[in-house]
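Everything on this sheet refers to the single structure shown next.
Chain nomenclature is as follows: A, B and C, assigned in order of appearance, with residue numbering initiated at 1 for each chain independently.
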Amino acid sequence: MSTYQLIELIAVISGGTYGVLLARRHEMDLVGVSSLAFMVAFGGGTLRDLFLDRYPLFWIRHDHYAVIVFGLAVVTSLIPKIPDAAEKYLSVPDALGLGMFSVAGALAGQESETSLFIAAVLGVVTGTFGGVIADVVCNRVPSLFRHAPLYATCSFAGCWLLFGLQWLQIPDLYAIPVTLAFIVTMRLVALRWNIRLPQYSPSDESSSE
Amino acid sequence: MSTYQLIELIAVISGGTYGVLLARRHEMDLVGVSSLAFMVAFGGGTLRDLFLDRYPLFWIRHDHYAVIVFGLAVVTSLIPKIPDAAEKYLSVPDALGLGMFSVAGALAGQESETSLFIAAVLGVVTGTFGGVIADVVCNRVPSLFRHAPLYATCSFAGCWLLFGLQWLQIPDLYAIPVTLAFIVTMRLVALRWNIRLPQYSPSDESSSE
Amino acid sequence: MSTYQLIELIAVISGGTYGVLLARRHEMDLVGVSSLAFMVAFGGGTLRDLFLDRYPLFWIRHDHYAVIVFGLAVVTSLIPKIPDAAEKYLSVPDALGLGMFSVAGALAGQESETSLFIAAVLGVVTGTFGGVIADVVCNRVPSLFRHAPLYATCSFAGCWLLFGLQWLQIPDLYAIPVTLAFIVTMRLVALRWNIRLPQYSPSDESSSE
């Protein structure tokens, strides 16, 4: 198994685990848990593949991913209660998943010869929209869009770093790990010191400036 | 008209009717009623076709389906008030629709040479995600994911029954009706005796074990 | 730049602006603002392109659209407070966008040789579903489906007007502007005099007739 595949596997498992935790918080049953795990793990990459006409979809081509995520949902269902602390330990694999999926999305865009800006957008979609879909299904305004520590921003910045390194003729063999490390570090730093983008005041409703 | 087409038609009409009832409960107008009817009737199959790169989409190929569902929305709009009892009589056509769409999804997966597990997932998506999409649009956590009588589980079990019968060399001519009957019966039994999957306690929030 | 491209650009900008306003009302940050602007501007056309297997998607082919919408999100983010009145001035470009996207959707359906009814449905989806997706993501039942001034209805009627003009052998050079003018006028009239479709009483819950 190549390093790339190992990281992709970590990304899928981390996404699946996030989905399981989200579903349990909403008191779902095994169907809900598996569905949300699939959505978080596969949602972003599915949008990228649909947008770029890449078939078979990555989770249909690598069909063991779906088995692993389903197994994860079944096995965790045997644990009667997941301690609150579990989520804290997710931030590292989650950041790895963000980095990995963002890079994979940006590279897929380049392969399909989109403009760099579109490739960066696809990187962000691949890296973050699994969680967005899961949030929408759980009837929450996606946390990605709210006033929260940088997430999509790390993905977007990382994509441009990758394009910059490529422009400097640095081979992907080095450019990709550097980008990955950058996204993971930026995300963990943002989490640790609670770095956020400014929030808008609503355009109406509120009154004082 | 073949038996297959008759059952598919029943599935589409049953889905459309479910959408109409859902939209009226949310006090929508004819646009909302038609849109929800389309979403329930065509949502799951559309996802399957998009995931598998099957074009034209089934409701574009069989273009009378859309006319029928729209006609259903218009005709029911002339009925000022639909009695509560109407929904009760929907459980049989709804179970038929579940069975029919599940089988169609699983067969489509096999045609595209996915793994059996992926084909079963596609069966469940085709059979159930029309309702999921409609629930999400109506701003409800999908009933599919909640603690409710078995639904997706019937579809998933039915797909594996179908694969088992095929593995035993039983021709589809017999295997498909048996699977259909199995899914419909399992669904109606689950409804009648309120059989559910266990529900998870939330991972945080609650305290006592 | 042709007239067609000018109107499409207006449609994209108007959609993006609507998304920005919606996001700010929900107190999102720049990520949320850009994402919603993309969804409103590109959502309907993306569904149309996916449904019809048209690649590259229109916002990947015309890649400056995404840059313009992102620029719009960034520039408006420098404005600390958008006055309530801004939204009022949106109704004309929004109606233009509705007309333009509806016509583009219907023509795309015809190009793919769908039935006229399906082409009209695609016109409505292209014209209106960007807003539907944004509403769903913001956790609101789509305003399109509620008891509100005619919107999808203008799109649907306009598509049939276009088909009627074509049936009368009127060349698209005239038929398209007439249809556009019809949709825009019908929408503004519906807004001005608050013309709506009748709303359904719920099928259950309420009691008196």
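In this text, a contact is a pair of C-beta atoms (placed from the backbone, for glycine too) under 8 Å apart; a residue touches a chain by one contact, two chains touch by 3 or more.
Owing to the predicted nature of the structure, the values given are computational and were not obtained by experimental measurement.
Fitting chain B to chain C on CA positions gives a rotation angle of 120°, reported to the nearest 5. As for how the two copies chain A and chain B face one another, under half of their interface residue numbers coincide. Separating the centre of chain A from that of chain B, both taken as means of CA atoms, is a distance of 29 Å. Annotation for chain A: residues 50, 136, 139 touch two or more other chains. Taken together, the chain B residues at the contact with chain C in this complex read 21, 23-33, 35-36, 38, 46, 50, 55-57, 59-60, 63, 66-67, 70, 77, 80-84, 86-87, 136-139.
Residue ranges on chain A touching chain C, taken from their complex, read 50-53, 112, 114-115, 117-118, 121, 132, 136, 139-142, 144-147, 151-153, 196-205, 209.
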